[in-house]
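Please find the structures below.
Each of the next two complexes has subunit A plus one more chain, namely subunit B in the first and subunit C in the second.
Now for the complex of A and B:
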């Protein structure tokens, strides 16, 4: 887990899409929202869950490791950046290798986009767009101490279990008090999630960009 | 060790080609020697860097598959136009850049064609491959020779002659326009300036501008100043070019060598089998079967043991994880 980072609490998310709109304002991917908001079990529940890049630490950034073009830079502060515009060849390795379902590809521009922790803001000490606008604190930005002054005694976890592979991440999730702290969060490998309608009506890339097929060059 | 060896062999091959092409250095212009020597180091640097690059699992697998697809007879028979079309639209005209912004496409085209033109003129000249001989004492009839063989005769005062002698000035104007646009964008636009690094992002643009401006000043000096300051400018220009050639393999310019991989990637992805792998959860297409299998093999090379996740689409990965959190971590939130 990074020092100052995002902490997500899906339990607080009301699915309002403020983060989706705010993300679209980020200067490094203007007009395109990188945050994913998914409605879980839509129709039977109002639960929703925002996903930003988790900035994987160990193994470090699988997306960057599989990139054949050395396009994804990981800076010493632990931030996994969006693809270098002169290098990315739009191959889609990062999209399919990311266990969290984060990167997107603009197939026309042959370019990957992903959450870069609002580097234009966080590198100047500002909070990311999504955390700034989230009305419920579902997306929090700061240190663990800062989180605990707001929410005394809150526990967080930053490891995930994908069918036996453990990934520790720079971004953390809130877990209920009393849960063993070092127990990894489930990656959902065995789940049969019900596919919900259209989770992101606004500000989303074309539906075809969620996968990496398009017209040949 | 291997990258160094590949680099040395490449540099030796280029040196031999320079020796032979200049007829045993007979046509070699010793005033241009620093450029020629820098180009030999450039050959070493590119080969070295390229070998380092393709020894990482992701690049190595794609390198093999890409060349396999490009050189396959079957592909050639099935889609004979695929390769030449991609080379033209992707590598030459970079159509995809237009989807980022028209201005970026235009500026990059200016840099690209300018540098291509300049390289096509200067490299053969510095290697002693092109020579010009006057048919009569002082012209204006000249013959252009390649590797010592006469190829075309032309009049220095004709349009063709003017173009031949001023090609580098034209190239400089194109490059200055393109590089200045990118430089301004890097100062004004936070899309470009976020996380930008001086050595990686700004040096290439400054190098292009310095080379082009000093090059133009050389022409200006000989046309308008009767050669005033020519010696000094020539040294400055040469230093800028030599340093840039040495830097080329290790910074942003390396994308020139890296980019053709996109053509191999697309050939492999689309012409090989055409079978589509679908999300195990929702059935949406993910990528071609050959491509997903290649990625899973890359992930296993890297000891990323969750490679089976590559067969679930991004949305279902998130839905599954969210659902697992909802059922087992914080039940029924």
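Now for the complex of A and C:
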């Protein structure tokens, strides 16, 4: 996973779609959301999870590898960008290649759209819009150390097993308590990420006025 | 002036914030490129998240997260889409008038509209008496405007009939708080959740109705706190709670009495606290003794061991807090339900401490501020009682009127509708409410409004209620005027004008002052702007329990919000009440009230064996007049549904008719195990013929007069087709903005109660 990245915790997600609305506010794709918000357990519970671009590290960016127009740039910081609008031919190869189902083709514009980790914001040191507004911290942006300061003892994973093919990603997911740390998460269509049974591990810190959310200003 | 941020007096978790917005407080307008960021708050729920409105060329065009310590940049989908209302193509920009309801509404000049209104008021009052003209306000208005609604009714209209839509929202909690504590507000700030060891949430779908408050619940759990949720549905916060008590709607008092019973029998009460700080404990103990867990389990239809589990978890926690909302308040026993929660907190000594206490989560943005300063039928500014001779004299002096001319207490909102049906109220001025969607028993409400000889309604979109009126006055949205609101923590926050009102639109303040002038009371309503009203409100609340005297616009700009009571200009405000166990009663004690459960008003029988309960969904707000016009929110949740348990044999999307003694309505089924088998749920944001409130009962709590929205008897039947969702009303000749309405024809229910999943093909 990347140093400063998004970490998704489905256990905290309340399915409110603030991330979806926030993504629409981006100045580079106003009115169009790049986030996928799935209700995982339809008919049984209100469990939900957001999906952003996972910024695949190994193999690096399958979407970029299959792009015949070489429109998808991977910057040295590990961010897999959306297709350059001046190069994209709207062929949809990236849609087929993505193991996570992230990129979408706008058929009218004949262009690909996908999450680029809000490069306009992150390159200025701001958090992506979805992680900024997420009411529950289900979409977290920061380093693993920062995450663990806020949520003591939390474990994350950033490898996925697609029928034996292991993919490691720049974006990580919080995993349920007690799950073996090195075991890749199940990947692939129809197999949803298991919803964590509780928002996070029980805390190890005694509650006090100093243990407030976030860093001091 | 600078206010010291002493960590001992500011709530934990907020003391390190130097200002309200992550920007130097004296420079709250930051220029970013070509745009201006205006620091303000959301217009919607009682959390009152801080936000920046992005303004370019004098127009609001976007939103930017703001690091205010209430929300720390977090926003929900409603807040993120809120700005789209300001320059929305559906906005009303000219007054509309018609002689009779048979005619079409036609644009008229403001002069004509106000003259006509004044003529109708004077004619009706001359013919039928002053009380024949009524007024209804709302709790989404700024506090200044809610003060003006009350003053206008008493001083300009001189009618006793004034009330507001908080009557449908906050009054049960308000009644219970006043009885127990002598003050009506939440006792602890949200940030206290982070210091708590056990949070009990009763009747509040926090994840959907107050999404940004969820961070406080999860933050508490990160630090090891337990979470108990009492809700007939498995909501997003109930899903992972340590204990989720899915009780039958309308049984809350029995449950909490039984929890107290276990607390007492297991010796978990805080006897020292009870002895030192309460009255009425013996009666409460007797009432609890009558309700052992077995009896509650039978009434609530829950496993008996849950009662004991909740009692032990709550009473043995070092610091425990209880928060509740409409789920236990919207009942004929609403006040008493709240009292049972208060009794539990007090009996376990959980009051007035960091991380230990009690709160109600106000629904509307200004649900707290809107109920404090006199638009309630029985109240005068500063939370004064209109029946108290001393209070009457004080307010008459402040307003410069003869105390004999100050009307007596009026009736509640639903009672006023019945008076309209009976011809006792012949004319009505409505401001900031939409009773055609929000009041129960729609048929009766329609009859009441149809019987009015003259009905004027102020709004910025044409609501279902306004569409039925004789006169519609187009007023400002929240971003076009200055003002304050008090959030669910009773923290007074400052909303800022981000752009000039649209052409043809006036502020509610201007409308009331102009009307008062025409009614001969112009000298009492010489207000040029909200700040002048606020200055009068400060004085009118001085020395009362709801003391705003120490709060000024300048101080709010410097601090990002001050919790009342704030009696002097150097007072830091009161984020936490009851420290040291001291209440606002004369004896300083908690006046405990014994409660005995009784069944809901609508009886079950073979024809109506099931329970209908209603509530909100995350993408919409109250009567939906605002959110049903915002494209992103319509797309997320285009239509209402009926939530049913799979045991009834329906498939997802089947048309199901819900029938009650008052009406029937057909919705697509959202089949889910996340609801009790004996209960169905319908969200209430949509109008007739897909309105939950065609079905609900207009039975009222005898004390708070809140309607029993949360429980009535019903049955469900298969139907041939679902009913289509009507378009939001528009003036004749105009269509609602098509781009926002594309998803409205959707016949299927949403994927989950929070909306439609976005990655489905």
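Things to note:
Everything that follows uses one rule, which is that the second predicted complex is superposed on the first by the 186 of 217 C-alpha atoms of A that agree within 3 Å, B and C clash if a C-alpha of one lies under 4 Å from a C-alpha of the other, contacts with A are read in each partner's own complex, and residues count from 1 in each chain.
Quick note on the criterion: a residue touches a chain if its C-beta (ideal position, glycine included) is under 8 Å from a C-beta of that chain, and two chains touch if they have at least 3 such contacts.
What you are looking at is a predicted structure, and each value in this text was computed from that prediction instead of being measured.
In the superposition on chain A, contact of A:16 is made with subunit C only, not with subunit B.
In the superposed model, A:145 makes contact with neither subunit B nor subunit C. Of the two partner chains placed around the shared chain by superposition, subunit C is the only one that A:24 touches, whereas subunit B remains out of contact.
Of the two partner chains placed by the overlay, subunit B and subunit C both lie in contact with A:101. After overlaying the two complexes on the shared chain, residue contacts for A:132 are found with subunit C alone; subunit B is out of touch.
Contact with subunit B, but none with subunit C, is seen for A:186 once the two complexes are overlaid on the shared chain.
Judged by the touch definition given at the top, the superposed model places A:33 against subunit C, while subunit B stays out of reach. Once the two structures are overlaid, the count of subunit A residues touched is higher for B than for its counterpart among subunit B and subunit C. Contact with both subunit B and subunit C is seen for A:47 once the two complexes are overlaid on the shared chain.
Comparing which residues of subunit A touch subunit B with which touch subunit C, the overlap comprises 11, 36, 38, 45, 47, 51, 101, 196, 199, 211-213, 216-217. Those residues of subunit A that touch subunit C in the shared complex are 11-18, 20-22, 24-25, 33, 35-39, 42-48, 51, 101, 129, 132-137, 150-152, 196-200, 202-209, 211-214, 216-217. Those residues of subunit B whose C-beta lies close enough to touch subunit A in the complex are 53, 56-59, 61-63, 82, 85-86, 89-90, 95-97, 99-100, 189-191, 194-195, 252, 255, 258-259, 261-263, 265-266, 269-270, 276, 281-282, 284-288, 291-292, 295, 298-299, 302-310, 313-326, 328-330, 333. Residues of subunit C touching subunit A in their complex: 7, 12-13, 15-18, 22, 62-63, 65, 67, 72-77, 79-81, 191, 194-197, 207-208, 211-215, 218-225, 234-237, 239-240, 319, 354-355, 618-619, 632-633, 636, 646, 652, 671-674, 751-755, 757-759. Taken together, the subunit A residues at the contact with subunit B in this complex read 10-11, 27-30, 36, 38, 40-41, 45, 47, 49, 51, 59, 62, 65-70, 73, 75, 81, 85-87, 89-93, 95-104, 106, 108-111, 116, 119-120, 123, 160, 162-165, 167, 173, 175-176, 179, 185-189, 191-196, 199, 210-213, 216-217.
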